[in-house]
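Each remark here refers to the structure printed beneath this line.
Naming follows writing order (A, B, C and D), and every chain is counted from residue 1.
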Amino acid sequence: MAQSPDIYVDPRRSDLQRRYCETRRRTEALCQPLAVDDYQIQSIVETSPPKWHLAHVSWFFETFVLRPFAGGYRPFHPRFEYLFNSYYYGVGQMHPRPQRGLLSRPTVEEVYAYRAHVDQWMLELVDMLPEGDWPELERRVNLGLHHEQQHQELLLMDIKQNFYVNPLCPAYAPAAPKADSGSAPPMVWIDRPGGQFTLGQGPDGFAYDNERPAHPVHVPDHRLASRLVTNGEFLAFMDDGGYRSHEHWLSDGWAMVKRERWQAPLYWERDGGQWRQMGLSGMRALDPGEPVCHVSYYEADAYARWAGARLPSEAELEGMLRERPLQGNFVESGRLHPAVAGEDGQWYGDVWEWSASPYVPYPGFRPLSGAMGEYNGKFMCNQMVLRGGACITPASHMRPSYRNFFYPHDRWAFAGLRLAEDA
Amino acid sequence: MAQSPDIYVDPRRSDLQRRYCETRRRTEALCQPLAVDDYQIQSIVETSPPKWHLAHVSWFFETFVLRPFAGGYRPFHPRFEYLFNSYYYGVGQMHPRPQRGLLSRPTVEEVYAYRAHVDQWMLELVDMLPEGDWPELERRVNLGLHHEQQHQELLLMDIKQNFYVNPLCPAYAPAAPKADSGSAPPMVWIDRPGGQFTLGQGPDGFAYDNERPAHPVHVPDHRLASRLVTNGEFLAFMDDGGYRSHEHWLSDGWAMVKRERWQAPLYWERDGGQWRQMGLSGMRALDPGEPVCHVSYYEADAYARWAGARLPSEAELEGMLRERPLQGNFVESGRLHPAVAGEDGQWYGDVWEWSASPYVPYPGFRPLSGAMGEYNGKFMCNQMVLRGGACITPASHMRPSYRNFFYPHDRWAFAGLRLAEDA
Amino acid sequence: MAQSPDIYVDPRRSDLQRRYCETRRRTEALCQPLAVDDYQIQSIVETSPPKWHLAHVSWFFETFVLRPFAGGYRPFHPRFEYLFNSYYYGVGQMHPRPQRGLLSRPTVEEVYAYRAHVDQWMLELVDMLPEGDWPELERRVNLGLHHEQQHQELLLMDIKQNFYVNPLCPAYAPAAPKADSGSAPPMVWIDRPGGQFTLGQGPDGFAYDNERPAHPVHVPDHRLASRLVTNGEFLAFMDDGGYRSHEHWLSDGWAMVKRERWQAPLYWERDGGQWRQMGLSGMRALDPGEPVCHVSYYEADAYARWAGARLPSEAELEGMLRERPLQGNFVESGRLHPAVAGEDGQWYGDVWEWSASPYVPYPGFRPLSGAMGEYNGKFMCNQMVLRGGACITPASHMRPSYRNFFYPHDRWAFAGLRLAEDA
Amino acid sequence: MAQSPDIYVDPRRSDLQRRYCETRRRTEALCQPLAVDDYQIQSIVETSPPKWHLAHVSWFFETFVLRPFAGGYRPFHPRFEYLFNSYYYGVGQMHPRPQRGLLSRPTVEEVYAYRAHVDQWMLELVDMLPEGDWPELERRVNLGLHHEQQHQELLLMDIKQNFYVNPLCPAYAPAAPKADSGSAPPMVWIDRPGGQFTLGQGPDGFAYDNERPAHPVHVPDHRLASRLVTNGEFLAFMDDGGYRSHEHWLSDGWAMVKRERWQAPLYWERDGGQWRQMGLSGMRALDPGEPVCHVSYYEADAYARWAGARLPSEAELEGMLRERPLQGNFVESGRLHPAVAGEDGQWYGDVWEWSASPYVPYPGFRPLSGAMGEYNGKFMCNQMVLRGGACITPASHMRPSYRNFFYPHDRWAFAGLRLAEDA
């Protein structure tokens, strides 16, 4: 009996629909512990209210997929193009970033309706799109899904910051059972031979534009630490006057220490003689064996100098990441907090590792065309590259060539460090 | 047959309970149109989130009534003393004002539970308090109720500001039916003889400490305008270059015009050739017959100079208010917007009238004792007195001697002006 | 033999020339101790470089006398109208105040040449002006001379501030021989009956517009302290936690204490256990008997509350000033520093006395016509009145009705306080 | 007859003395056109008053040479160690940078006396130092002389900025005779083969620590423009909406354009339809053939994108610089302004060329020991490298490996650009 054509399912299309649904549902699942009240808060200018994230990632699909490809698409609301544009001037003007926290409307309920509206059109479009448009559609939907995964991580970063400014220190999640037993293994140096090395992702496979093109770089002989720097090690730096001694610091970093009165990593608080740390499960005693987290580049760099070492370059890190299995303490572990090192070296997950490399374009870099070209390229100044992902990063979002980037003073990212030294 | 003592009702106590309940329910009724999302927003540093208002007025009763008088009172939450203290250093430290909008917790639901907790204890306390404590209790509860009425007005001021910064311009209430027919009657001058006059409230009746003591002042012969200045009149000032001509302005006012780029009263927006005005019912065409509202003292003063007149002193205004019936366009009208003048002179209600008088203590002023002394006295510098109440003021909150006060640059109050001149 | 008509001297004109020359020479004499380097400095935005003062007072004569009255007058430099205008928008645009310290050109030498140019024209104009223009000319020259006297005081205020920010603490003048022996006499209360009183200057005699018209005010029975508050008394306030206790302070004052971290009057520094004070003769040990100086209104008010008293109103002060001889420690004493009280009550000189009165227009106030109307009127908001002159004020500049004014946070004026209380 | 030992002259020592004297005299010669008034000005926080430069370079010799090597050295003034320390925390605390312009004392005369004092001791020390200390002394004096040459350039940069903020637009120097005839030659691309290249200075010869160690880098095939970008070419960018179109700009650059309202390079002003440019000889018509100067990195980068090209890396520039004769329009030409290109390619002199390379340490970088280690290393974050020197740079200060660096928003350096592109 002949199969009816209308129940023929194109596996590429159904696969994309499946991944689309998975990612979108995952975003919503992350918001499940929030009260409506929690969705409105923008506690520092760098963060966005959870509600805004939920809407913006939908705006991305609406703007770059539905408007150009879905004939007859009717936007959910005429002002959302303006309200939920983040920084794409090529699309048009946008609501000022520092005022994202002042939008009580649309309500959370309306934002979820917006998501549902976009989802319905997206799933239909993936089904119905003419074959000729498919490659570009697939490219864009994939980009949109990786974009949404980035915002899943931002959601958790921002919720943590939002809860931290509240004297009630609410908990986002129950504390994970304490799996860590004992302390971190001793740090040992791993020798890494230098020479010419190919940095960046080749033409195949999904990658952001900023990871390409692959190109030769020269790397010196060097050594990498066998694990991340721990809270306990960082405490030794602090106890040795780390935040009071100019000589470890970059000039701009020292100015920041003075201006912001930094005395410890972000989310650390002194309670009598003990340090406590705010996590997504609330305030608890600092665990000296866990990797230090929420340090700026300035603090990471100062620590490394104090320790007689340096930060690794992104090429040194990528070289190692390419040799290691892509596994670690990612968001799927449910821990939402960096874990004490085991034997795997913590190359992936736990905390983003600050590299010593400024975020600049690779030679021959070409941004995406059109407004999507604003995705990465225009930020290639004044920021530093981080590598390897963190405990709030989706595992499927990670690659050896992945380049995250923050300003050297940023601290609300889940960022820590690994030492390196010249051979 | 003898009446059972346990159903004897002390009419003073039941009256206070009735007024307490009425005021508390009125506050909550004002929030009824809000979505949970709307309760979190602090759009400018001068405003507070609706949720904060709801909690703070309960904090007032908790702090100044329940803690000192209700034996065995157990506070609803140990941190609320800190979170919802506004400015009473005598009570203790307080959450920083600019961060009130960052508190997603307690949730709206929890805040209502806090209110219910306080209400239950308050009603019981009024019933049970020994007679000896009654006079002080009654004084404090009355103060607390007037305090809550002030916050009812602030709630509406702040909601308007919150909705204004949202590009969606939400409406708090449906537009009142357009009762105004025709335009404002012509302004005429009312001659007022000068001489010695008693300013302020005598010892009887409820009044804030800042309205006392009554004391002699000398008032010159003068004239008062028969109604408020209208939008249409203010437009003539604007069309004559009012915001571009230094010569009408106080020096500090002109600096503010330049710095803030003021070109019109707050909540006015130009839409092509037409002016529109944001009200609690949303954006609508500007009505030239309505009183001008949301002008700073600087703008009111500049308008008066441009018009060849001046602002009245608070003594001149109080003299007239004492002669007029205490009625006008108050919050009970449901209009929530100033109305075109009728024949009553608009002495009460519609908009607060800026006086030319700095807010300073009356000779012999004595603040309340204890932390309640911070209620008024410590603000007696750098602010100007306003008189007469507005369309969002509860009628029962008003008195001829009532002194409202704002900084000369403040614009989010429902403030307008009436002209005066020397005879 | 008949006297030649061309050597006839009009005594009004020669008298004005004499006073003009005296005042102008006095200004230059005040600058004699300065190095060329000292003329350029603007250490805080409120101050001006000495060079700018020297030029601005000449600009005043050029603008309001020479341009309108001296036919054929050729300005010294076409851009000086812009550079040395202080705040007269009626004259035209002006160089931004915060950038006065960035003008190395014109050089000091050129500014003195500018002064000479203006002087030559002024003296000739006074000689030659037709009789019909004389009354207005005389009025304006008198205003210009009082204006220059005000800048003589500002020069000394600003030099003190300029030298204070220099770690070398240079001295402007040698220390006056220490005439003070012993300590201040005990403060006693002087009873002052209340009633109706005429405040302000009548139509005769020179006065600024802001001192008129004379008008009735009602003053309560009160008491005035027999002398100024001393450094020693202020130290007792400080030792009692004055700068750490909110309850003495106005709300805006307390915010300023916190923001600026005030712990003592301006120019006080702690050197080990001892307080030192910067004066125009450099740094020296604080004399507890001298009047406290360089306090803001907020500090004066807080001290008075702490002492269980209050600040006097300007009417209370003027009432007393009218009864006292116009003499005291003025600039002519050469001391340039307040002196320990003797028996005269310190009603004039030593330090300006903060009154509790906001600087507002008297009823019926009329500013001068034209751009000169900006002299005083537009500042009548947000400032407080001070009375009586200081040790850097020219004696001939003082009158009982004189109203000085500063913002309540200003501290670089030579301002102190006298206590008052209700009878 | 034997030569007397005491007239023996060590040629290394006399040579160092000669170079010392030449450099010191050159600094003073640069200040010769200044009035005393001009020495005090700090027009923006990045600049320093000329007087401060004169003292600071002497402080450098006093601190790093005389104090450690000249036995019995008596500092000129005990507070100068504090006043004229720039940023060497290893030496001690320092006067706050933004307040350098507030120091009227020491006077200019005293600063010159300070220089003479240091010079006398320095010359004597070079004569008398025991041979064993000589190598370190020579190293430090050489460093001090290069340091002073850097400040010679800063002096001219800062004087230009100081004079620019003055509405009188004073001229530092008479205009050089107009040597330029005709316009710049057409720009052509020069092909440059890629491959492995050694970047940085080898162990021999004087170089700053930041130029070492020499190390291998991989450079792609590329092309370099045959001359600098001209004013006329930059005008075409502006006329094409360069400052109004987000798409050419880095995100941080666009934010700066908006915040600072940039519409043209620094020192350009529109006079009716014509552009004028402030130079060290005052304001004059813009010459379209001259290289564009006083652009930030952001503007250079935006221009390059607009032109369909990019900025060269520092390795690409150094590769070319090594092949070219070290000559160009340096300060010795007396022009003090970039010149229209001739046939030499403008590789050296005229304007510093922005590279696309962040200022980071070379692999294996080692800072100088002690407080001198703060000279360069601590600034290796957030800044960009510039190459080749400018028309205000001493020729003897330049090297192919020389790395200058400024923040990407800085504009008061004499900085322009040359285009590059991938082959």
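Here is the rule we go by: contacts are C-beta pairs under 8 Å (C-beta built on N, C-alpha and C of every residue); 3 or more make two chains touch, one makes a residue touch a chain.
Bear in mind that the values here come from a model prediction, so they are computed numbers and not experimental data.
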| item | value |
| --- | --- |
| Greatest separation from chain D - chain, by CA centre | B |
| Distance from the mean Cα position of chain C to that of chain A, given in whole angstrom | 60 |
| Centre-to-centre distance between chain D and chain C (centres being mean Cα positions), rounded to whole Å | 47 |
| Gap in Å, rounded to a whole number, between the CA centres of chain D and chain A | 39 |
| Residues of chain B engaged with two or more neighbouring chains | none |
| All touching chain pairs, where touch follows the definition stated at the start | A-B, A-D, B-C, C-D |
| Footprint of chain C on chain D - complex, ascending | 35-41, 43, 51, 79, 82-83, 95, 99, 101-109, 162, 165-168, 170 |
| Residue ranges of chain C in contact with chain B within the complex | 87, 89-90, 196, 215-218, 220, 246-247, 249-254, 297-298, 301, 313, 356-358, 360, 363-364, 378-382, 408, 422 |
